[in-house]
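Labels for the chains are A, B, C, D, E and F, by order of writing; each one numbers its residues from 1.
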Amino acid sequence: MSATRTLPENHNWRLQLWSWPEVECYLKHNKGVILPLGSTEQHGPTGAIGTDSLTADAIAQAVAERTGVLVAPPQPFGMAEHHLGFPGTISLQPSTLLALLQDVVISLVRHGFERIYVINGHGGNMATARAAFSQAHGRSASLGLASAPRLRCKLASWFLAPAVMSHARQLYGEREGQHATPSEIAVTLHLYPHLAEKLRPLPEPAPVGSIHGWEDFRRRYPDGRMGSDPSLATAAAGQQLVDRAVTALSEDLQRFLKAP
Amino acid sequence: MSATRTLPENHNWRLQLWSWPEVECYLKHNKGVILPLGSTEQHGPTGAIGTDSLTADAIAQAVAERTGVLVAPPQPFGMAEHHLGFPGTISLQPSTLLALLQDVVISLVRHGFERIYVINGHGGNMATARAAFSQAHGRSASLGLASAPRLRCKLASWFLAPAVMSHARQLYGEREGQHATPSEIAVTLHLYPHLAEKLRPLPEPAPVGSIHGWEDFRRRYPDGRMGSDPSLATAAAGQQLVDRAVTALSEDLQRFLKAP
Amino acid sequence: MSATRTLPENHNWRLQLWSWPEVECYLKHNKGVILPLGSTEQHGPTGAIGTDSLTADAIAQAVAERTGVLVAPPQPFGMAEHHLGFPGTISLQPSTLLALLQDVVISLVRHGFERIYVINGHGGNMATARAAFSQAHGRSASLGLASAPRLRCKLASWFLAPAVMSHARQLYGEREGQHATPSEIAVTLHLYPHLAEKLRPLPEPAPVGSIHGWEDFRRRYPDGRMGSDPSLATAAAGQQLVDRAVTALSEDLQRFLKAP
Amino acid sequence: MSATRTLPENHNWRLQLWSWPEVECYLKHNKGVILPLGSTEQHGPTGAIGTDSLTADAIAQAVAERTGVLVAPPQPFGMAEHHLGFPGTISLQPSTLLALLQDVVISLVRHGFERIYVINGHGGNMATARAAFSQAHGRSASLGLASAPRLRCKLASWFLAPAVMSHARQLYGEREGQHATPSEIAVTLHLYPHLAEKLRPLPEPAPVGSIHGWEDFRRRYPDGRMGSDPSLATAAAGQQLVDRAVTALSEDLQRFLKAP
Amino acid sequence: MSATRTLPENHNWRLQLWSWPEVECYLKHNKGVILPLGSTEQHGPTGAIGTDSLTADAIAQAVAERTGVLVAPPQPFGMAEHHLGFPGTISLQPSTLLALLQDVVISLVRHGFERIYVINGHGGNMATARAAFSQAHGRSASLGLASAPRLRCKLASWFLAPAVMSHARQLYGEREGQHATPSEIAVTLHLYPHLAEKLRPLPEPAPVGSIHGWEDFRRRYPDGRMGSDPSLATAAAGQQLVDRAVTALSEDLQRFLKAP
Amino acid sequence: MSATRTLPENHNWRLQLWSWPEVECYLKHNKGVILPLGSTEQHGPTGAIGTDSLTADAIAQAVAERTGVLVAPPQPFGMAEHHLGFPGTISLQPSTLLALLQDVVISLVRHGFERIYVINGHGGNMATARAAFSQAHGRSASLGLASAPRLRCKLASWFLAPAVMSHARQLYGEREGQHATPSEIAVTLHLYPHLAEKLRPLPEPAPVGSIHGWEDFRRRYPDGRMGSDPSLATAAAGQQLVDRAVTALSEDLQRFLKAP
């Protein structure tokens, strides 16, 4: 997203930079599309509010380049109700995100896309995205769209890829925590090195626990972190994590495209 | 639900059999309530369509009796869009189930309930239920309900309790499968022994795979089973599974009630 | 729902206990289905909160057995906004109940059901159920479902059957009232005799009047009764009322199935 | 609504012709308001499509003049899904009409109106209007509006007033029917005498029966009439019916305004 | 709308006064229909609350008579959220008005109407009406309605017609303002001469400015006027403005009907 | 968005790159925020599908840098129903976009933002965005949010700024057209020079006309252009247009922040 972004890049797979006849041509041999899904929410006292969007988008672009699959623009607002107690968080209610994802999927199915691969950067989106897939399946069938019977949607949360989780555990052990984790912060440092200037030693975080309403969340996790020590993050680790995520998701996507 | 139901039972914890002053009294010392959540959907060629509701309700009643927590009546219709290709399935769209669960939670919070423990019998409900909890948190806060800051919701899918899963694996190994499993069918035999009459040897099931729209589901899993052999189910195993589920969920519920 | 339930019962007509091939077979000769619709709401200081669901479900089961019509599981939550001032009431907003009933009807029409007979236990559901039928008719036509042109929905509130009303009037006269009536309480005593232990003489009830919001309702009817004396209820009268309701609704259902 | 309209008229009670300071002044001594609710739907081969709106509005104006209660403009579109098989019918889905009536009621409650008296001209609106009242009660309470605890809504369908029904029965007996009735047509003749030119002898109508979807409705009632003979209608009878309706509803409204 | 209404009138083009066979016949040679869209909202200390509906309806009737296009009854409630700080305003939320207009358009398209010409009296309706047209296009296509591919909707706000605006500017210059303008008030005087009795000299109005929430609106424009001097209005000017509006919109409508 | 993006850039004003304490600090002296709103839709045979998002975002970033106002991430999906006939278009229904914008605004108002400045790149979003502002005003007031009375929203469509329009007219005259215009394409060339490779001489475009449903749109404008000649676009002209837009919108935003 900026001059300092360090991922190699060509624009060949970004839907935003294609024309419609190029998409028409693409659909003759590939029915897959990647949708990056992020969130705009607090990431602790030192993390970037856009962490979940920036990471999902960067990984999605790299997966697109590696696999030759078209990638839609990232949806930057997700379901972040529990973070609304912290300034800067922008949240869609689950019912709104459900309607949005349904409309996006239906638009794509109209054109003949059959494999929607959502690369997700935020745990809070997972339930609603899955609910939206179910609703989109029903609705595309009800609309009688030609591609509806072959529609498949898949949610791929990069931070849950086994290769990513094991590396994060190896790097940070217990200090990985569950929100504003050093691994996601590391990826943002890899993308935007100047973000490292925000980092500083932090007091012991509130321990990992449950998530309920936003008032409760802020009381439980006063600085927004859940058991994490983001001061451990480095751009170098971020690059390793991105590499592992891109490899894992690219393979998963290729299986998804070929699966019956 | 019938004279042949074999779980021991007294009615002390069923909300349906209480009067409102009894609820008012209960709320003075206990803020917890159990909500059984089921589904009405095909369970293979020999399984009962109500399996997910019957099992969730029976386990919920037993957990209620063991823990002394009030139990609401079971919601029998859930999110079963992918099963609509089989006669008898009744499904709520995700947006409808989301609205329903939100209304139920808000009703309970109005009265002062603070811990909503959903005992769930159907995997397909999980995403929507979690989305509904997030939305209910936001809405109860927006409404300024006195108990809103202390509201906690938890989803407890009995079939995912570790003690249940390990026993099912030990009993059935690979033949457990993922839908119309011998373990859930066994629980229904324990509850309604005459259901055993429906069982018969079945051909090799379609292998476990992914779930998309209902047309695709029926093509992939022509008799409704996903890798399972329900002919292995016995009422005795059902009792063992119920016992393990009740023990696991009762302990979990007690922790939930005490947790900050 | 329990060992003490005294209605004779076999499970032949409960959708929850059928398999999908059995439903497929049934649809070859019968397009009818019964849906019990209840509510979870206060029923005065001595009545059971589940009265409307318990009575609707019991009568629906008996009608099913007498007529050989399949019966869906009871929907336990209905439109009870005006009772939310009393602890234990769980209410769906009209818009939510409308969506739920629409989804249930559409699911059934997909399978080929053409006659949906809703046995209702709660006056507060009537308006919304009728609105839902209108919407379901429009939507099933819009979806182009094969059975849509033959779809008929009917609302049968058991307590409004003339044979029931005249017997209730004969038994209780003016003391029948309009909510937490001795006749509905009597039916619950017939189903769950131990509920009689809750009964006790009560002061003169608030007179029958109008129903508005929940604050107004509680001010107008401080103990939840509307002109009724539930202490007059007996299990024996409950059995008589059930018998009359079952006879009346069975005949009505048979006419409904045959009507053009 | 026109130069040929024969009801006496001054504009003193039409909200549309007042200024806001006049409304502010009115609210100091009267919290009541009338809302005419109509429909735009076929009324048989000779009846006016606006019958339900024209009659409701005319009666509402006269009730307003007699009682000194402010009258809102008539809502001309209602729930007429079952009439959509006939050209000219305009229908709101129940969910839309529910939202509309809720918004109208909430607007009025914001200003301090406490008694909303809906004069209704169409049976098909009744269920949805009642559902809307329930939802508006809940929502106005949730919004914390000052007048919410005192809000009362009442549905007054003029054609169901006992004095109207008995007179219609006396005039037309069995030939009154249930839709496109001579009594409602008579009222339109009273309001717009030239409408009599459309009348002509008609063949025997389809007998009164049930109402389901619009395809079924048109098949069952091929010319739109349900058991009625509108050729019997006269302007003179219309005047009598209006008189009876206005008297009955004015008395009912005055009781409503005074009721606790 | 009353005996004092001075526009010449015959009823030939009012949908409310037609029968359905007349509509069926009309559709054989004309696919156009006019929908008057108003609002019920404060119009300054001396203007009629129904101004936007009365003007839109009167102009629509006259356009109908001049062009021979059928005219639906006026929708009297529109989007007036920003006026809710003044007693008497009745507003539909944008989402409600969107649903209403969608249902109205879909109803008309079902019958074969292809050109929906909305004559609008209120600036606040414009955004929502346009959004509704987009949604109705999508939905009518999704429903597979035969006329959907030929559907065209057009919003015609009479007060924005160049001939109207230039005349208003010539008559009132800067004192026209933007709400409760002398030109719209003049039209109401033309329709209902007795409204002139409300007029009186007013203090300098609040200057024209922006529109946000209703609290802000009332603070900014304490008597409801935006830069206007309605005391300048005369019935004679109203007639001139109506004439110009009718001519302009009639020509525009005829072009609209013929346009490909 | 890429290494080839040529606008100067520092990250000081991107919400995505801030931490929540930085937002908290910012809110102490500035209540304004910019929201870029785009669309993902066909832009003729040679234009980029993301044109409306890329241009809105780039201009928003530059305005942010010049004014020191925080800028939210761009919403890439807008209301593009009429472009759904061309592959690659992703559209939100108006009701969905309305809900999304309402949630975004409400989130921001919760934190204390009072001036929401939407920099918009797509004409099709304008109606829905304005409707959303009205609804968000009502809802934020209903929720009782502290900042609600001071909330102001403003829609700034960069391509409608007078300085932009006059320059576009001067550069392209009639060949500017209305969709896939050389001026918007020029801006994308300025941002992504390699997009120039897609340009080529095109046949005479379909003339500018009206916009209805997507089938009609594609029939009317077979290659997606509305009267435009995008082959005239140059990166140099794009820079001029951006400069003019940034200057105009920066001044407008500063007035907006200071306005009462």
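We take it that contacts are C-beta pairs under 8 Å (C-beta built on N, C-alpha and C of every residue); 3 or more make two chains touch, one makes a residue touch a chain.
Here the structure is a predicted model, which is why all the values come from computation and not from measurement.
Participant: Give me the chains shared as neighbours by chain E and chain F.
Facilitator: Where chain E and chain F might share a partner, there is none at all.
Participant: Out of B-C, D-E or E-F, which pair touches the same way C-D does, with over half the contact pairs the same?
Facilitator: E-F
Participant: Can you check which chain pair, D-E or A-B, has more C-beta pairs in contact?
Facilitator: Most contacts of the two pairs: D-E.
Participant: Roughly how many whole angstrom separate the Cα centroids of chain B and chain D?
Facilitator: For chain B versus chain D, the centre distance works out to 47 Å.
Participant: Take the average of all CA coordinates in chain A, do the same for chain F, and state the distance between these two points in whole angstrom.
Facilitator: That pair's centroid distance is 23 Å.
Participant: Could you grab the centroid distance between chain A and chain D? Build each centroid from C-alpha atoms only and quote it in angstrom.
Facilitator: Each chain's C-alpha centroid was found; their separation is 54 Å.
Participant: Mind pulling the residue numbers of chain D that touch at least two other chains?
Facilitator: 84, 93, 95, 99, 144, in rising order.
Participant: If each protein chain is taken as a node and each touching pair as an edge, is the resulting graph a line, ring, star, complete or other?
Facilitator: Looks like a ring, each chain touching just two neighbours.
Participant: Follow the ring of contacts from chain C, passing to chain D on the first step, and record the chains in turn.
Facilitator: Here the ring order, chain C leading and chain D following, is C, D, E, F, A, B.
Participant: For the complex, give me every residue of chain C touching chain B.
Facilitator: 1-5, 9, 11, 14-24, 27, 38, 40, 42-50, 53-54, 72-77, 84, 86-93, 95-96, 99-100, 103-104, 107-108, 110-112, 192, 194-195, 198, 224
Participant: List the residues on chain F that touch chain E in their complex, please.
Facilitator: For this pair, the touching residues of chain F are 79, 81-82, 84, 93-95, 98-99, 124, 126-132, 134-135, 137-138, 140-141, 148-154, 210, 212-216, 220, 259-260.
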